[in-house]
């Protein structure tokens, strides 16, 4: 990094092990990633990639017995070193999370209004009337029609898409600087997914939020993020600007993922499958974790783990990266933060 | 191949009390043909599939397979077995659709023994043939579902369904719960199977992305009704119904931006 | 704080968590299992290891404390308490075993039938079980004793009936869930008969649950059998049985010779606690973390 500005969120050689089946198993091998304030990064991966645990480490929400090496820094402060009180402040004022299944994160017996105002009234000691007015405004901001009526309803009376908007409103209520969205639309239909993502995108733009978006869907991540980080078996294997994803992804795994989900409206788009199954982090051998499934793997790939190397204005941990067409690289985008400034300047 | 359709559905309707979940759905599936039923949750697509497979009672309308009606709940054994050879189903969650305490190979052998006069070595040979066809080996045959990955479980469920050599396979969101890189494997496997034997697919899905890779025709359902039907390429590139348009526009792809409808 | 120091802080916390898990888990399970196994072995080999005939009266050694000749002392007729405890383990364990196995078998059969057949059958079976559930076991035992006379067999029969609903309720709930799993629908579609699906697929999948239920219930039924004997509705004198021993030793407590009640009571408490710990441990192992 050339500038002196501190990233809002930074993963510094993050490594996490968890006690599973009697032994301490690695669930995240190594994640290095920096999110500049106001940027949106999509953390993409399949099951076992460690993407959700990476997101949880930001809020100190790792399971019991987790051991952390390396560091996660929020605005320069080490999260693993924080005491409980500091963690609570972080969660209640600076960073908020939206989860995959809203129904498991809301008390079904209490009204939406109670749920939304609770933190404001009990933690921030705001007067109830003021909290309610604020929350109604928030519901309107996430385009919930008839906000006053919704406040009096219970979660079971709301559809999945509407409930996820309530969860987004509750995340915005703490006026966070960082929004973590962990597969927020995976349980939703495509049309609802588009709406919810549009709302997250809009809130981010209006409030200058920094977004870490966890998903298994590359195309979805590319649509709402400035940069894409791809994880496989606990490793961050590639990181690049979202707009270069389809054309210039260099890591073989990223390319394989793209080929697994071709555009359905392009006639004769070929569906190319990768053999094998996604590995869990602890199953990764000494070499490249993707080598057992990679068509381009050589002897070196099985023996030696590739270090992340700069590829154009991104980086990829691959011994034999997919050749990037030099013509396709924007010359003015070589500065790694060009994408971010472009985004915030709008 | 005869002119009698593998599946013919006429005015199929399902009412749950006041609510009509499926409202007058008609479908026709020729031998060897593959049809996608696309819709969001609440569109009635799964209820339709469950009525066709006899897992849900029919409020009104008819389902005929190879010219014969569905067997009733009190059907004789022979009738039930004959129905099993007409239609099979692969479910969304491959874990709960397999008996968690039964080894994969045993589950397939059990079905084979029920349907074919196979014994001993012959039965084992046929079982291994089926496992091989879906890309599972001996080690996986001796495993219980818990020790397999999602993709392997779904392969096992497909092998078990193929054991009775059905004319029609209903795939109820059969790849929705799988990892992206595994979805493509299973879709390709299903396409390959169809290339090897005369089998029809009824592919129930909310995901338009996979449809062109498996189905020649598609019907789009909304609120219990069919709103659009036609050849897949036509429907996906030039949809007539605004709802189909909406569905297609909601699929993330390069250059796509999420938009609110309201 | 460097990441090394950090790791050590986190490590300490992890070690404490490990210890807690260990206490909750294996260690306790093994200890409880050892106690249960030891008592069962003692019951089986009682005639070989007991130093005296449990019913041999010795007027010269009445209500004695612990000694080299009588480890746990003697009762008010001079019978050796240790020998009576060892022999008493047999009816004390066998009676609840019959109760739990009987209630487990019949309860499971009724529960699975109700869940599988559904509709009218389900309502009828559930209604009958609810009625039985409404009667306390003790009331059933008193009625049984009044009609057929007091005795261990009647106590066992009434307790079996009283425990049926406990097993059946839990198993029915799980059987309903099991019946609605897609694999049952898949097997039906594959042409398998209902009987085969129930006996070869559904019931084996419910077995861990039934096992846990009966293992946990075993301790409580032992307590109940002992209680029945204590109030005179179970084992009859001069049988050596723990509950009866507690009752017979009761006068001695005031007379300064509490050993008979004390040791019989201790045997019951230790065994019941071991049983419920074993049941709880098994339930975590057998029904948790399936996927």
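Think of it as A, B and C in the order they're written, each chain with its own count starting at 1.
Criterion: a contact is a pair of C-beta atoms (placed from the backbone, for glycine too) under 8 Å apart; a residue touches a chain by one contact, two chains touch by 3 or more.
Chain-to-protein mapping (UniProt): B = Oligopeptide/dipeptide transporter, C-terminal region; C = Peptide/nickel transport system permease protein.
Owing to the predicted nature of the structure, the values given are computational and were not obtained by experimental measurement.
Enquirer: Using the stated contact rule, I'd like to know whether A-B or B-C comes out ahead in C-beta pair count.
Expert: Pair with the higher count of C-beta contacts: A-B.
Enquirer: Which chain's C-alpha centroid is most distant from that of subunit C?
Expert: Max centre-to-centre separation from subunit C belongs to A.
Enquirer: What whole-number Å value describes the gap between the mean CA coordinates of subunit A and subunit C?
Expert: 51
Enquirer: Using mean CA coordinates as chain centres, what's the gap between subunit A and subunit B in Å?
Expert: 33
Enquirer: Could you work out how far the Cα centre of subunit B sits from that of subunit C, in whole Å?
Expert: Computed from C-alpha means, the inter-chain centre distance equals 47 Å.
Enquirer: For subunit C, which residues are in contact with subunit B within the complex?
Expert: 181-183, 185-193, 200-201, 204-205, 290-291
Enquirer: With touch defined as at the start, can you tell me which subunit B residues reach subunit A in the complex?
Expert: 40-41, 149-152, 179-185, 187-188, 206-213, 233, 236-237, 246-254, 256-262
Enquirer: Quick one: which bits of subunit B touch subunit C in the complex? Just the residue numbers, please.
Expert: So the residues of subunit B touching subunit C come out as 53-55, 77, 80-81, 83-85, 87-89, 91-93, 95-102, 110-111, 114-115, 146, 157, 160-161, 163-164.
Enquirer: Could you list, by residue number, the parts of subunit A that touch subunit B in their complex?
Expert: 46-47, 143, 145, 160, 189-199, 201, 216-220, 222-224, 245-246, 256-257, 259-265, 267, 269, 271-275, 277-278, 293
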